[in-house]
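Look for subunit A in each of the two complexes below; its partner is subunit B in the first and subunit C in the second.
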Partner chain A sequence: MKLNTLTIKKLRRFYSIKRGYYAFIFLGLLILLSFAAELVVNSRALIVKYQGKYYFPTYTDMIAGETFGLDYAYETNYRELKANFERKNDGNWVLMPPAPYNAFENDLRSDSAPALPPSWSQRHFLGTDTSGRDVLARLVYGFRIAIFFSFTLIVSTYVVGIGIGCAMGYFGGGFDILFQRLIEIWSNVPIIYVVIIISSIVVPNFWWLIIIMVCFGWMGITWVMRTITYKEKARDYVLAARALGASNVRIIFLHIIPNTISVIVTYVPFSFSSGIVALTALDYLGFGLPPPTPSWGELIQQAWTNFSAWWLGASVITAMVLTLVAVTFIGEAVREAFDPKLHTVYE
Partner chain B sequence: MQDKYTDDLLEVNELKMHFPIRGGIFQRQVGKVFAVDGISLGVGKGKTLGLVGESGCGKTTVGRCILRLYEPTGGRVIFEGKNLLGMDRRNLRAVRRNLQMIFQDPFESLNSRHVIANIIEEPFIVHRMGTPRQRRKWVYKLLERVGLARDAALRFPHEFSGGQRQRIGIARAIALNPKLIVCDEPVSALDVSIQSQVLNLLLELQQDMELSYLFIAHDLSVVKHISDTIAVMYLGRIVEQAPADDLYEMALHPYTQALIAAIPIADPSRKRDKKPLSGDVPSPINPPQGCHFHPRCPFVIDLCRQKEPFLKVKPENGGSDHWVACHRAGKI
Partner chain C sequence: MKVCPPSFTVKAIARKSGMCKLRVAVLMLYILFYGMIFSACTTEEKSSGQTTSYPKNIAQKAKYAGPLEKLPDGINWLTNDTDPVFASDQAKKGGTLHEFLASFPLTFRVVGPDSNTSFRSAILGNQLNLTGLHPNTLNIIPGLASHWAFGKDKRTMYFRLNPKARWSDGVTVTADDFVFTLEFMRSKHIVAPWYNDYYTQEVERVIVFDDYTLAVVSTKAQPDLHLKISLGPMPRHFFGQLDEDFIRKYNWAIVPNTGPYQIDTFKKGRYVRFERKQDWWANDLHYFKHRFNVDKVLYKVIRDTNLQWEYFKKAKLDYFPATLSQYWHIKSKTAVVEKGYVHKMQFFNDTQRSARGLWLNLNRKIFKDINVRYAFAHAINVERVIKQVLFNDYYRLENAYVGYGPYSNDTIKARRYDIRKVSDYMHGAGYKRGPDGIWVKNGRRFSVQVVYHVEEFTPRMVVYKEEARKAGIELRLAKLDPAASFKKVLEKRHDVALVGWGTSIRPHFWEFWHSVNARKGQTNNITNTADAQLDRLIDAYRDSLDEQERIRLAHQIQLKVYEIGAFVPTMMAPYFRQVYWRWWKFPDTAATKTSESLFDPFSRGLFWFDQEQNEQTKKAMRKGQTYSPVTLIDETYKP
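Take a look at the complex of A and B:
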């Protein structure tokens, strides 16, 4: 597969817009890191050496405490195991991740009540929340869920929206008018009330939320797709394909959609940030993912009710601003780099 | 007129293409563009019919209607004895193997997202011919046939010049061994120096493959070079049709005469004996009464304003194949 030289030109332009390029690197690294979050922020040890044998518990099934000579059959508490081994000092050791907490455990202490402020010595780098859960862990895993949510949402809304928008533009006539009116009506359904109604019937899990959001969010891209398809289908290369006898499906998928990619791409970053914001807002209101799923919206809600625990608000707002600003910078750079006016021979 | 072309490969009968103009909230039809208003043509096997006219006279529309890229509002298009209008998709697809088109603008007619190999291969894929390996071989053969190097196959259209792109468009059109190619101003977007190369390629292909062409152009000098018969179009109708030499030597319609007089002659000392046409082509939304050409005609009489002239053969001029639609033909 050889890249079209025009595409290469666009990528070069994107690279030359430094603000967007560095934001892209920054966000890309964060996303990659979040995929490997278990290695950085986790209550399971990275490596355990016990009686000459090595254990790598990060991605395995849980290892019972009995395995390491402890007196319980449930999952090993590696932080205690580490302290234990260090006390005995008989050649066994535990290597913990830099932040040795997961997003679900309540680190409750007898001498103080959560939320605890950031503490280097306890390795709660961003403190704990009101139930004693590590804020950093909840931020990182919440980020991963939000990214995955947003990505799935984009793919599904675009598949539906591009499909319908393209069909509207390509077939035109009554089909187009019918769908225009349908979309206008459908766009007026207030999504937040739908979510509230549905969550009173079922506890919305990840896929429920995706389905609801796709059902009420696919309309945005249809207008754009409809317009570009109208423009593209009148061009000679489409006529040439029709003259050859190519089917409508072939023309839409092999000829028209590849020519609209540069327009679609410019919308992706903005859809991405709106996906993150939507999930955070729903979680904040309590209609999002069910607790105890780590989520930014839930952290914001805690911060709102506990102003004295400043580290909650500070960390989640900083994280949110950094992510959204990065996405916006990328979006701007993409839009600039893919601007068709810079690349077409015409105009 | 009805049976004039029955033996021909392509016969177009009273073809009409009236585009609706829609307006208002309910998109009701508020008018019509009479782009093509009753045209009859015939293209014989291995022959070339040149179709000439000003821009906006409907010649491109004729070409597109013949290929059913537009759905004509009336008439018949008979190709190899079968009427293409009203034919279903499957049968039409079979016909398209024999009926192809070359487009005017080589920058528009090739999909800029596909490499040349994919563009030329597409006809074979659409018609489910050959294995991928065979198709690759055919692509190379076609590239060679139109005078391009093999390494063109993996490049994108914008890496080529206009003339080269038009060769690619020609390769795509001849891929399926068609019998008739509609050439829609294939050279008018090219530099003059390239035009003759492409025209010669078309002539060569015609000899080798026994192709018939419907050659659409706005430039009489280009058509003269390539056509057996020439039809002159004005505002959706044919005003004159004759064998190429006949038309040049004794054009009967004042419009044709004006077109011929407008051909530049490489002789600065020669004086022009005819005035160029004044005015513009009237709007096809509201064509003039009577003869469409009467507002610009230097020989107009009252009859022209009232009665529409029909295409009639003019045997008194020697050839029996010279058709003209003018009340005053032969008298001017």
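Take a look at the complex of A and C:
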């Protein structure tokens, strides 16, 4: 793909803003890592060698304990299996991920009640929550869900918002006025309450939440798009396209939108962080994704009700601050790099 | 911890039993943790100033206007002054008990719109009935009536009023006040259809023989008659003729009562204060002596739980419920407790336990197979949750009817977690383990949704889920808003519901298990159980007037319910726990068998305020002196 010189210039400028650039690398790595979370934080072993045969349970179906000569038909407890093999020392071995817990299992002990503080020997690097689940695992999988949620939310709200905003700016007149009023009214619906009401009646799943949030969250970007489109459509290239007989759809999608991308991009990081915050807030209030979905909001809720379990609050707040600060740094850098004043010359 | 305490007021009992009749089940569902606290609330208006605005107040006692009947011969008058007393003669009068209300009540009326708040029990607690129940022996004891007798028709009870009985405005309590109870409760002006119906369908009439002798007649012969028709009085001299204005007019009226306390001042939204009557008519009676010791009871509105706890630590509240593990084990590790200013007490009571557990919907195809139901029960690891999540604070509930005395079938033991049994039953039902370890038959996975509505239950629910997964059953957790959850369950749209029911003195079976209540909305038969043999047993139980036969049938019904396997009992906490400032004193046995709190100023009132200790402790706190911490465990009534 060949980038145009202007874009390259913008990217160079972004790269030169070190704070944003490193935040981008950091967050990018985290996201990549979270996609491979099953290899890092998981109760399933990476590799099991049993009686000369190799097993890779990470992404397969459940392997019952019976397969490895244990006396149960449910999923193998690989941590116990590992301890077992080590004790017997007959050539079988298990390679566990660095954090050998998944986000759902309850690691309960008979001598103490959860939540338990961080323990290197138990490999609960960030402790356990009030149900004995590993906090690190909940954080990592919760992060992945939040990222995916936020990403899906941005794509959907932007598709709707940009479409309608562009149409308003492009067609103007009655259509514009009608939608302006409609958006003003619609914006007054308090989204958080709507979500709370709906999710107290039905248990929302991931897509439900996305649909509800898109329904009430697409308006933000329309104002920006409307304004830019008004500006862009008065430009010569639009007139030229029209003179050549291009259709409205073609003009909007192939000419106007590509020329507004630089503005849209500057909004993305901030929408991204607000998506994460929205999901966390809903989960905190108990109206987000249903339990036992790992979630940061639920961890904050636990931290709030269990002040003595400091590791809950400490880990989730640190994770949240790091992520949101990183996103903000990226956002600032993007905004600066894409600032049109740097790249245009007034005639 | 139980929200629906066994109540000894006729109205409360009426409420419970009749409710089932009406199949209004929502009120009976309750949440384990929300029960101990009256939540109530009010605007400063001196009650004396208020009552003057009611025209009929302190009117002359009107004579009973209806015809007097002649008392039948051969009545065998009974009384009870031989059961042991439960108050302490060491008790001293004085002091103020500070309590909190989570919200101010919407009205002081006890019937009509918005009246069914928990504060209602504080008002009703100060209204005596004709007879009461002894909290330890559960025998009948005198209330407003000093003597009573049972009619041969098993539907009439005769009462002789205590001539000393007075309303709080000094007017004598007479038989006419009970006639007025019926008129009042049947009046359409009180806008309480349930009461209208109950006092028409259940109580036939009140017969007056003279001012101090009356009879109450039930519409049908029934066992435990006294639980149904031991009415409370209503002051005709206060209300006079009821009219359409009733609801508005009596919203904040301080209605004369017959109990130990009366509201003396309140400020809407802020507080309500009760004051002890200095010359209460029952002060020196056998079962009332040395009780109701504090001079004042102040309910202050504090909405936030954390704030309530902070108030308690500052000694602005006198006690705090600590049944929740969180408070008992963790939050109470605080300076005032460790320095011995605040004591902790765990009191084991012995009363009806809520039928709390997982209720399976037998209308769901998967649960039609009894093997699957048994497998489900064996896949719920209650023991692990109790031991490893809940600090070993709870006990396994064995049956839906625990704590009903002889009516409970104690031979029944709940099915324990056992993966092997699950496996046997599932193979028996023709299932196989699927690729994810979940049982499958004809492409159908054993995956069911579990509906619940208490946020605090999530930690234990996720453990059930994980343990069930090992056994090959997938539980999909659905935490709904309480109203949405009740609706879903009452309309029988659930697979499995985690529900706890309110209790009553005798076990109720018809509402929960009879086929006439199956497969229709808004009934308590949320399992859709329809079993002909069970129906016959339940009908026989309902028709029987013989106690021994009823007990035998109750045992058979419970066994049958166990065999059907639609209910998986989870856990119970057969005690309550409280923390309180050390200047509060109690009898040697701090509470009664049926108590729900150490501090129940109107229903038991056994505690008292020790002025000396109060001053001593406050001095010690100023000077930084400490005492050794105290944790008391009273196991007198531990079964």
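Annotations
Quick note on the criterion: the second predicted complex is superposed on the first by the 346 of 347 C-alpha atoms of A that agree within 3 Å, B and C clash if a C-alpha of one lies under 4 Å from a C-alpha of the other, contacts with A are read in each partner's own complex, and residues count from 1 in each chain.
One rule holds in what follows: contacts are C-beta pairs under 8 Å (C-beta built on N, C-alpha and C of every residue); 3 or more make two chains touch, one makes a residue touch a chain.
All values reported here derive from a predicted model rather than from experimental measurement.
Upon superposition of the two complexes on subunit A, no clash is found between subunit B and subunit C, which fit side by side. Once the two complexes are laid over each other on the shared chain, residue contacts for A:P292 go to subunit C alone; subunit B is not touched.
Using the contact criterion defined above for the overlaid structures, shared-chain residue A:G217 touches neither subunit B nor subunit C, since it reaches no partner. Of the two partner chains, subunit B is the only one touched by A:N4; subunit C is not. Legend: residue contacts after superposition of the two complexes on their common chain; A:P57 is shown touching neither subunit B nor subunit C. Between subunit B and subunit C, an angle of 130 degrees opens at the CA centre of subunit A in the superposed model, to the nearest 10. In the superposed pair of complexes, A:V203 makes contact with subunit C only, with no contact to subunit B. Of the two partner chains, subunit C is the only one touched by A:L108; subunit B is not. In the superposition on chain A, contact of A:G169 is made with neither subunit B nor subunit C.
Put simply, the nearest alpha carbons of subunit B and subunit C end up 46 Å apart when the two models share chain A. Overlap of the subunit B and subunit C interfaces on subunit A comprises no residues.
Only residues 61-62, 64, 72-75, 104-106, 108-110, 113-114, 130-133, 200-201, 203, 286, 290-292, 305-306, 308 of subunit A touch subunit C when the two sit together in their complex. Taken in their complex, subunit B has these residues touching subunit A: 27, 64, 67, 69, 92-93, 96-97, 100-101, 103-105, 107-115, 122-123, 126-127, 154, 156, 158-159, 169, 172. Touching subunit B in their complex are the following residues of subunit A: 2, 4-6, 177, 235-237, 239-247, 250, 254-255, 258-259, 261, 345.
Those residues of subunit C that touch subunit A in the shared complex are 325-326, 329-330, 384, 387-391, 419, 423, 433, 435-437, 455, 458-463, 465-466, 469-472, 477-481, 483-484.
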